[in-house]
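A, B and C are the chain letters, set down in written order, and residue numbers restart from 1 in every chain.
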């Protein structure tokens, strides 16, 4: 077990990076997801098509391929960003596609009368979406969003393949030096479980607080 | 009919004109941005014809398509294993016996929260130290199956729970054992209901096989890596690989959508199938 | 859904996972993990044509078993240019390691029939000890620690790590100059510990393959890239924006990995190495791969048994 305590700084900084990656990507995914979901229910045909194309393209290429493409391709089109930043943006956009689908299903679950009532009050599309529909839609999809949050946490591990030394990469490096894979990887696994547990608890609490009883 | 359509009135003539103008402006702006990016790309020499010519030749494509075949093989085997394990875990988790329920629930909850890459590392680095060195194919398939079995289990569990309790009870009333009632009455209906989720989970698993890149199993992405090592065309190779994934997965998700749509239009199908003798189905 | 603290179930789940792994391991299908590598060598010259064949094989030896099988199973790579790189057009594996593998196969069997099992570097000891592969030709540096688990014939080639930078970089010439810099290295390569030793406070960034590391260096994701000399020579020759700084700062004697304790085969392989070094075939093989990017005559091969761990 002392491989873990000996390398606590490495594990600690890896864990920290994983948490940062997850939180930033989640925030990004939520923004991207809501914007894209709004596009997909908007009156403008081009926006609907763009939203659809976004979801299809992002979801149908593996995240690992996106990461490698972005890290090595973006500088070639003049976008120079650090590895961590690139990873956050790519994971945000990727999970954004899944978030968009969850939010859209939430929007579809809001009773039609709500939209009709909003329009009857004279609200515009943006107003009725922002003030009436989205607040209700988001409440119904807390559980799916929680699953996306866990999926995001799992997917941050792939950033290891493009040089971000998050928890999985840190564990791998410690193992290269110490060659005690079982302890090292089990410790990393337990850390992931603990993080998922926190996400699960947060989701559960949020859901109880926000649930609309119909 | 989706509720979203009710969020706005059919746009009037003025709104339509505004939308048209905004659309044109946005498309022009987007095209300009793409043009700018492409120019940078070309300035860096990435559009040079000789950097793309290899991907107009058959041997390169043959190599990638062989990679794709391995991707599909790994995905198919992983799907089969994890779906079977998923059914078993779902049944275990819904079983009346604690001794089955708890381990199955534990498996699902633990595996769901460990990244697939970490499982790959365990199979890759840890198991060989204990004398278990799997062939490359299994080094990819085992961790993917272990991790996806949990996801499949949750899908099946949701499906089984969505089947009305009366179905199981009716089966029991007919004198079937619990196992037979599950197998003959509940599971077929459950599987049908969750078919779209099963297909999209399978598409996700297909994407996960790109971890072969880490394992050095010659699936599509790893084949791209070997190619890039050979021809030094990193960006071009990965763009082509991305395109192949896009085509394959877009096809799969279209299948999923078709299945879903068909299911929505025939809600009575599941019930009708449970009593095939009385009501022949198409 | 109940989310319980998972620790107390960990054992049960681990057991389940192992059981599943064990079940699947029983199947012997290894689809795609091996590539055919027989036939003439992939380089410019058919090295195997003139290669020697052993006069006789000791009865009951590993070599006799290999000859009976008709194929030498080699642990190697598919993606190491100049050493062991698959040519996608012909599916042949080309390079120094691959050529030596074929020559050894010819020596044992009479025909250059090899099957290359693509192996990750962490699993080579296990592949040898459980008999999945007969020999390992894969930039396998001889170390006394490894020699506790495998037998090494050779060394058959000596290489070392060098530092590459973008052209015109003046601040980095020796390993000590890596201090405080961001240094690029291939994931899971010996460069990582070597950099740590030479410059403990250098920040190491790893990528999955050599072209990725080169691209990262060109894009400024690090100031230097540390990699095996042969690989970097090939890169620097092909890409004028990359420059090699100084001489190799480590010495990595590559050995031929054999099953631990198989002294008979070790002597046999060392005899073969002696033969091909004396006949000039060793130099020809070098010319055929690394010699295509390095000017001048083939270097002097390292003395057999000279590396600690190969005695």
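As a working rule, a contact is a pair of C-beta atoms (placed from the backbone, for glycine too) under 8 Å apart; a residue touches a chain by one contact, two chains touch by 3 or more.
Please read all numbers here as calculations on a predicted model, not as lab measurements.
Looking at chain A and chain C, the chains that touch each of them are B. Relative to chain C, the most remote chain by averaged C-alpha coordinates is A. Comparing per-chain C-alpha centres with the mean over every protein C-alpha atom, the closest match is chain B. Our note on geometry: chain A versus chain C, Cα centroid distance of 39 Å, whole angstroms. If you average the Cα atoms of chain B and of chain C, the two centres end up 35 Å apart.
Centroid to centroid, with C-alpha atoms defining each point, chain A and chain B lie 17 Å apart.
Among the residues of chain A, those in touch with two or more other chains are 68, 72, 76, 161, 172, 193, 197. Among the residues of chain C, those in touch with two or more other chains are 3, 6, 10, 208, 212, 215.
Within chain B, the positions touching two or more other chains are listed as 110, 113, 125, 129, 213-214, 234-235. Those residues of chain B lying in contact with chain A across their complex are 2-4, 6-9, 11, 15, 19, 22-23, 26-27, 36-38, 40-41, 44, 46, 110, 112-118, 121-122, 125-126, 129-130, 203, 207-208, 210-211, 213-214, 221, 234-235, 238-239, 241-242, 245-246, 249-250, 253.
Chain A makes touch with chain C in their complex at residues 68, 71-72, 75-76, 80, 83, 161-163, 169, 172-173, 176-177, 186, 190, 193, 197, 200-201, 204. By the touch criterion stated above, chain B contacts chain C in their complex at residues 59-60, 62-63, 70, 73, 81, 85, 102-103, 105-107, 109-111, 113, 123-125, 127-129, 131-138, 141-142, 145-146, 149, 213-219, 223, 225-232, 234-235. Across the complex, chain B is touched by residues 2-4, 6, 9-10, 12-13, 16-17, 20-22, 24-25, 27-33, 35, 77-81, 85-91, 118-120, 122-123, 125-127, 130, 132, 208-212, 214-215, 238-239 of chain C.
On the side of chain A, the complex with chain B involves touching residues 40-46, 56-57, 59-66, 68-69, 72-73, 76-78, 104, 107-112, 115-116, 118-119, 125, 128-129, 133, 150, 153-158, 160-161, 168, 171-172, 175, 179, 181-182, 185, 188-189, 192-193, 195-197.
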